[in-house]
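Letters A, B, C, D, E, F, G and H name the chains as they come in the text, with residue numbers starting at 1 for each one.
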Amino acid sequence: MNASTLRTLLQQLQSGNLSIDQTLDRFRNLPFESLGYANVDHHRMLRQGVPEAILCEGKTEAQVLGIARGILKQGVAVLATRADSKIARALKRLHKKAVHHQEARMVVIQQKPPKAQGDILVLTAGTADIPVAEETKVTASVLGSRVELLCDIGVAGVHRLLHNLERIQQARVVVVVAGMDGVLPTVVSGLIDKPVVAVPTSQGYGSHFGGIAPLLTMLNACSGGIGVVNIDNGFGAGYLAHRINLLPGR
Amino acid sequence: MNASTLRTLLQQLQSGNLSIDQTLDRFRNLPFESLGYANVDHHRMLRQGVPEAILCEGKTEAQVLGIARGILKQGVAVLATRADSKIARALKRLHKKAVHHQEARMVVIQQKPPKAQGDILVLTAGTADIPVAEETKVTASVLGSRVELLCDIGVAGVHRLLHNLERIQQARVVVVVAGMDGVLPTVVSGLIDKPVVAVPTSQGYGSHFGGIAPLLTMLNACSGGIGVVNIDNGFGAGYLAHRINLLPGR
Amino acid sequence: MNASTLRTLLQQLQSGNLSIDQTLDRFRNLPFESLGYANVDHHRMLRQGVPEAILCEGKTEAQVLGIARGILKQGVAVLATRADSKIARALKRLHKKAVHHQEARMVVIQQKPPKAQGDILVLTAGTADIPVAEETKVTASVLGSRVELLCDIGVAGVHRLLHNLERIQQARVVVVVAGMDGVLPTVVSGLIDKPVVAVPTSQGYGSHFGGIAPLLTMLNACSGGIGVVNIDNGFGAGYLAHRINLLPGR
Amino acid sequence: MNASTLRTLLQQLQSGNLSIDQTLDRFRNLPFESLGYANVDHHRMLRQGVPEAILCEGKTEAQVLGIARGILKQGVAVLATRADSKIARALKRLHKKAVHHQEARMVVIQQKPPKAQGDILVLTAGTADIPVAEETKVTASVLGSRVELLCDIGVAGVHRLLHNLERIQQARVVVVVAGMDGVLPTVVSGLIDKPVVAVPTSQGYGSHFGGIAPLLTMLNACSGGIGVVNIDNGFGAGYLAHRINLLPGR
Amino acid sequence: MNASTLRTLLQQLQSGNLSIDQTLDRFRNLPFESLGYANVDHHRMLRQGVPEAILCEGKTEAQVLGIARGILKQGVAVLATRADSKIARALKRLHKKAVHHQEARMVVIQQKPPKAQGDILVLTAGTADIPVAEETKVTASVLGSRVELLCDIGVAGVHRLLHNLERIQQARVVVVVAGMDGVLPTVVSGLIDKPVVAVPTSQGYGSHFGGIAPLLTMLNACSGGIGVVNIDNGFGAGYLAHRINLLPGR
Amino acid sequence: MNASTLRTLLQQLQSGNLSIDQTLDRFRNLPFESLGYANVDHHRMLRQGVPEAILCEGKTEAQVLGIARGILKQGVAVLATRADSKIARALKRLHKKAVHHQEARMVVIQQKPPKAQGDILVLTAGTADIPVAEETKVTASVLGSRVELLCDIGVAGVHRLLHNLERIQQARVVVVVAGMDGVLPTVVSGLIDKPVVAVPTSQGYGSHFGGIAPLLTMLNACSGGIGVVNIDNGFGAGYLAHRINLLPGR
Amino acid sequence: MNASTLRTLLQQLQSGNLSIDQTLDRFRNLPFESLGYANVDHHRMLRQGVPEAILCEGKTEAQVLGIARGILKQGVAVLATRADSKIARALKRLHKKAVHHQEARMVVIQQKPPKAQGDILVLTAGTADIPVAEETKVTASVLGSRVELLCDIGVAGVHRLLHNLERIQQARVVVVVAGMDGVLPTVVSGLIDKPVVAVPTSQGYGSHFGGIAPLLTMLNACSGGIGVVNIDNGFGAGYLAHRINLLPGR
Amino acid sequence: MNASTLRTLLQQLQSGNLSIDQTLDRFRNLPFESLGYANVDHHRMLRQGVPEAILCEGKTEAQVLGIARGILKQGVAVLATRADSKIARALKRLHKKAVHHQEARMVVIQQKPPKAQGDILVLTAGTADIPVAEETKVTASVLGSRVELLCDIGVAGVHRLLHNLERIQQARVVVVVAGMDGVLPTVVSGLIDKPVVAVPTSQGYGSHFGGIAPLLTMLNACSGGIGVVNIDNGFGAGYLAHRINLLPGR
């Protein structure tokens, strides 16, 4: 309910097409729109095919399917994260357009992919970080960003990083996915002037504490320009990178 | 040393304008440039008046002054963070253009402020979070961003937030500074579609653990689009927000 | 053994109906009553059909059945929590009135449900928090409270919460169950003036640390009026909410 | 803007007293009211003399005074917590009715104390826990609850507790304040059937970790009916106990 | 004192340049050599049939059997802890006197049980703590202590504890095994004047953190006279209690 | 009120020397004694000159003096721990027999020292651990144990330890006080067969975390027979060692 | 590309043997060499048969095989760590020289073992630490160090350690692998004057926290000369010990 | 082997019943006695002028002076660490050769500095890390190593590091001192083939947790060859680096 549909509603009341009780009912049934005008546009845009995410972990298959059906009814694309193969099969049975991105543990149901815009570059420090990076890539792609993935350019051999420096400096947003000691975002951000989204992963052992080590490294990075997301949160990184990437010229 | 200047150098050697030893010397004397071509431009741009930061905490007054002098010699602006009043006085004695932003605990030495571009909005959940927010504001302003600060719109009374919703939805980047339970970024990000930079502060007590509580809240935020920086890292938030804010149109 | 039965006992001694040794024996055989007078009534009331809980986790099937039999002998209802399906089947074999609340992981054996009193409202932030909320609901219902459950009204979309505001403000006690960042209790408590019981859940990943993130959020909530229970402790929340709900008028 | 004022507004439109643009303006200018109908009343009630709290820690004297002035202008009482003596003197200069509760580290500015209702009992395990308990007592008293304080009845000598059992069982709400190992709430809650609010304190040393030890004890209490607040959060305990205490009969 | 200087010393003795007493003095004044005397006897005593423990966790079946064989060769009894049923079967194949204490997860191989001396009382707060308590009981029994076990007398109903007070006050050493909030040792130690060995268990969930909650409770116990062992360390508690129990009269 | 005094009371009632109301009054006025028979003796014994401890930290001077006065009135000795010099001076003004043990941060008020019995040996790993060890020594001495202190025999030079082995093996109880890595109790307990009380201290830095490092070392000690107390808890160690030391022959 | 090969390149340009474009291509294709002159030699040396490690954990079988093939193509040996038996079989199918070190969980593919140099001694505190120690041994052996392994000489019986003292004092580097309380490195380093590499293991339970206890012990060791690696990081210890062991005479 | 059996052994030698070789064999075969031989020389060597360290923190001035006097009496040099200026002045009064290294917070008393051998290079990531690095430098120098210090070559600008690469690759041992995110050791070790000693410092704030962040980074370093010491442990790093540096050729 943006300003113009609100106006239409009031006009209908004014013109006698709606009674006051009918108008009040419309308000009651549209409680979200009453929140704030600008918000409405925001919601409308969201509802036109833009994916809505379901975190499958902790939900039953029936719950995931139920939520997916609800989303599809609104004409919105579905983006199921942390979907195991059982959930994936169920979603593929639900909708023929469902695509299972196995490495990213995601299922996407989207009528037609949006035009890829901007330039997000996703880097991984190691091979084991790839699933999280794939989650980032699929997320941002489905939302409408152009995304490229460069793997295994960790700092243990800093030349691998420097070798790709020019490409890295071209990107609008760089997402750096790293487990172990998580030092890659520090080094990358020190070499570029664009925003860096850092994703610690749970790859490691011992005092790695399931990702705390790289998380702390990234939060304490001695080079600036880095925003950190939760451990293994490839989806969150993709969503944030997409928001940044799609910023219009100022 | 980008590709074309490297070509020129080699042409000078080829044409006999430089001897091999002279060419080798050029290489030796330009070690940074040998890293990567684009990097050079990047550095040059950085050196033209863009501030370089000094974290004063843990440094002696003599060290801070020494570093500041070094930066000024390069014609670069100085941005001293976490400067106590003693350091501030010393920097003001060092340079007449030094400005002490007391609440932000910063000293800035800048020949002339850059033109304010874009639109960064900094929100604080509470009054006690203002010093960190001020650090963000000064940092991004000095770097060349237009920044506005809205204080004390925490979630305990959610109407304060909704009251400012329209303004919040207009900004290019929103920085949310919050101590205590740190819930503000979650709520804000759920209402807008622009990137959010979240800054946990050390304001709180008991199981707050000096900022761990809001830090974890922000990392686990159930609404996406949030990049987190270190506890009390107003400088880092300002720098990241500036990088995002200055992105050109894609 | 309250004051009057103690008096009766002493009168029986005085009148020669009991010897001193018999009187001493009565004392020995009633050790609990010697604790405190009021306590006796309290215990008696507890023993008339009020459920007693068995935390099944960490106990063998034989132990659970043994304890359940002991409780039933006292004419008290049984409330088995964290019961897996194997334990549930065994309890159903033990007693025909046993009811298995699968989502809540509970088995209840109760002769006849008490009259539902008062008004407890249980909210969940997400779908994955429902099992804990169900545990709260079953617990408080079995104890004699009227309980209603509203699911998935998390803060990522604050309109879902505001949509239900009127209902929330009507309840005597509101239990808020939330994983991830656990921000819902803060927002809810800021909108009402009744006691809030907050239950962090282990739903989340990475720096969520199995529920520490929402636990800290709730303990540091910037709006007051919130009492926190252990992570995933749906039973404890139901019990506390019931105690509050049944308070008579002052 | 509750249902009836909304109806009035629409009637004015219908009857031609307001144009559509004027009606839309009313919507724009009343953002809070659009949130939820009951909320309005709720806020109004809150604003009639009920104290609003200022956490002084982390705020400058000027900020505390500014906020206090703002609250007083609304005709609301002021409840300043964690006020050091410097802040206390400033508040006493600000308003002649300001009372400094030194042990509780609070300053209260209240036109006339409300009638004390209900029955809150605050227990402390040790002498060193008294300041936190005093904060609870002052808070709930100022809000309108009748509060009594019983000190130093810790479990090391369980007879001290049992000695007071009858009084404890009479209270509507029991607040238990305990540092060290924090076992008192467990024992108390096992002896009564009313809600218990547990407050861990930072009194202790070594592996006490500034209150983590009693906090965990309380969260894991093996007797139910306990709601926990943050370490040293006497204010929060008082506010929660008051909300519970003032519940009308169901 | 390397081989050659030792040889020289002995030669001086042999040649009469040093008396035996002078030679002994040289030994005494060289720190290491004085170490050993009493120790030898001590070791000999230990080797006469006193059990030696094998922690099976983390060892292969072959390793456990190898170590057991080595111990048996020395004529010492074997006490295998944390033995799963596979290890248990293997040890029973190894030696016909092997006894599997299933609940305690232990296997004992002992030619003939020593005479039971003294009086150790083991208490558990809950039913789920019994396996750890059994480990304590078996350990101390096998070493030669008389041990009794009293289960499920936790503090949630303090009368269960007080009911057994006389028996508890009689014991020479009381071992208290408790999970959840771990408050039992505090209460027990406040009622007796004998040493208490406290064993936190991993029974609990959420903020229990696998036993950290009761561990901290016990370390911070506000009543003295308590020595704490590692989480779930029934063996260690039994060994310590045995050392205390067997102290001769002073 | 043990069995025989209870019998006497009942006989007085039976013989008409007490009315029923008088008998009930006796019950009411003796609530502690009703707890358990043996407990009475225990309490009586405790009240005859045995010191009662005051943890001064967190208490005001007035509170400490008030408690001390209360203890002295009962004819019991006072043992004030963690007393700074200001408190010490005040206690010395309160009572002429007050002795300030400065290194131990204790003040003792005791009519006449008890006869020293048994044999407690206190070892420190380093010089900086001495204050805690002194607290242990003073505590156990005041309670009536014979205590000896051996300092700075840490494991960095294992010969220092072995040099004292014979003495260590003679003691009835060994208290080991160690900061840094806290390895001394492991090594000591492996060399003796008597109970070891281990006290971690806060001496160390960095990843020592104020005593967590030695605390964990001691809890995980690979040699058995060790009971651990809280970090820096010299008092607790002394009290536990005394309870063990005074055990009569079995 | 050291100084002389750079000179040669430039001479080829100067002499017309290379065009400018060809010279630029050489630069582009040798990006690593441009990093630093000495680095080149370093890399070359590394590529002559020195193993390169693959951490198998977190990688798919296909990824491990792919990386192994890449390494083998460069003529370098493969050292796969944390390889389960499935990966091991796959690597044995890939290359006939693949050797599976089962206890060490490693697979090595090496044309011919290098000559064993120097003297590394690996000690384990317990039997359960052997797998980690084997990983150290295989790693350093494959790299070219002579390695010996001494197991189960923990400190609980310090004589086992002292018995091997002479051998320990002979080694060039001593690696100490210990779980539980991790005290062995402290004691060993106090007895020798060579570098000690300490490896905490995850062997333990309860407050061991998966290796944190021995890790902290080692970091806080009161004897110096100890470098610590990550929990269970046998590979890292072997690599570090090898680097130290191969240092030429100064 | 107690005193009497030792005496018997010597008598057998004296009387000719045992040869010297037989007597020596008896010593060898008795485990404890074999410990000591080599060790003795080792100790003697240590005692000839090699410094012995005093950690001043936690010790009184009198204790430090007493220990220093004891060391000097043995003709050994004194190395006092973490000495504040008060202790420094006292040590300078004690001995005229005492030198106060202010930045390193050390006092050294050494008759004549040993010849500087080998080549240790100490790097710091930032200016604030210099005090710890100075402690390393002074320690290793005093022990007899040649040490050079390179400051402020952190990774935020990786060119600063690469600029010094040649020098870094020449060193025998590299000590890397870093606070903040602690990434420098990872990058350095990836570029060289010599042992790296990593020292995390407490320089940082927020989620830095007093050095935990860089400590974890270093323990999880994705490049090998790194041994980690405690946070701020410049002394330990210097001592370890010296042990490595002084290794003779193999």
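The working rule: a residue touches a chain if its C-beta (ideal position, glycine included) is under 8 Å from a C-beta of that chain, and two chains touch if they have at least 3 such contacts.
In this text, all values refer to a predicted model and were calculated from it rather than measured experimentally.
Chemist: What chains do subunit E and subunit H have as common neighbours?
Modeler: Correct list: F, G.
Chemist: Among C-F, E-H or C-D, find the interface that matches G-H: by residue number, over half of the contact pairs should be common to both.
Modeler: Equivalent contacts to G-H are found in C-D.
Chemist: State, to the nearest whole Å, the distance from the C-alpha centre of subunit E to the C-alpha centre of subunit G.
Modeler: 38
Chemist: Calculate how many whole Å lie between the centre of subunit C and the centre of subunit G, each centre taken as the average of the chain's C-alpha atoms.
Modeler: 55
Chemist: Averaged over CA atoms, how far is the centre of subunit F from the centre of subunit G? Could you give it in whole Å?
Modeler: The answer is 50 Å.
Chemist: Which residues of subunit C are in contact with two or more other chains?
Modeler: Only 35-36, 158, 162, 191, 206-208, 212, 215, 219-220, 230-231 qualify.
Chemist: Could you list each pair of chains that touch, in label order?
Modeler: Applying the touch rule to all chain pairs gives A-B, A-C, A-D, A-G, A-H, B-C, B-D, B-G, B-H, C-D, C-E, C-F, D-E, D-F, E-F, E-G, E-H, F-G, F-H, G-H.
Chemist: Over in the complex, which subunit C residues touch subunit B? Could you list them?
Modeler: 125-126, 154-158, 180-183, 186-187, 189-191, 204, 206-209, 212-214, 216-223
Chemist: Quick one: in the complex, what on subunit A touches subunit G?
Modeler: Touch residues, subunit A against subunit G: 126-128, 158-159, 162-163, 179, 203, 205-208.
Chemist: Taking the touch rule as given, give the residues of subunit C at its contact with subunit F in the complex, in rising order.
Modeler: Per the touch definition, subunit C meets subunit F at residues 3, 6-7, 10-11, 13-14, 20, 23-24, 27, 34-36.
Chemist: For subunit A, which residues count as touching subunit B in their complex?
Modeler: 35-39, 42, 45-46, 53, 117-119, 162, 165-166, 169-170, 172, 191-195, 197, 215, 219-220, 224-231, 235-236, 239-240, 243-250
Chemist: Report the residues of subunit E in contact with subunit G in the complex, numbered from low to high.
Modeler: So the residues of subunit E in touch with subunit G come to 39, 43, 55, 57-59, 63, 67, 200, 202, 210-212, 215, 230-233.
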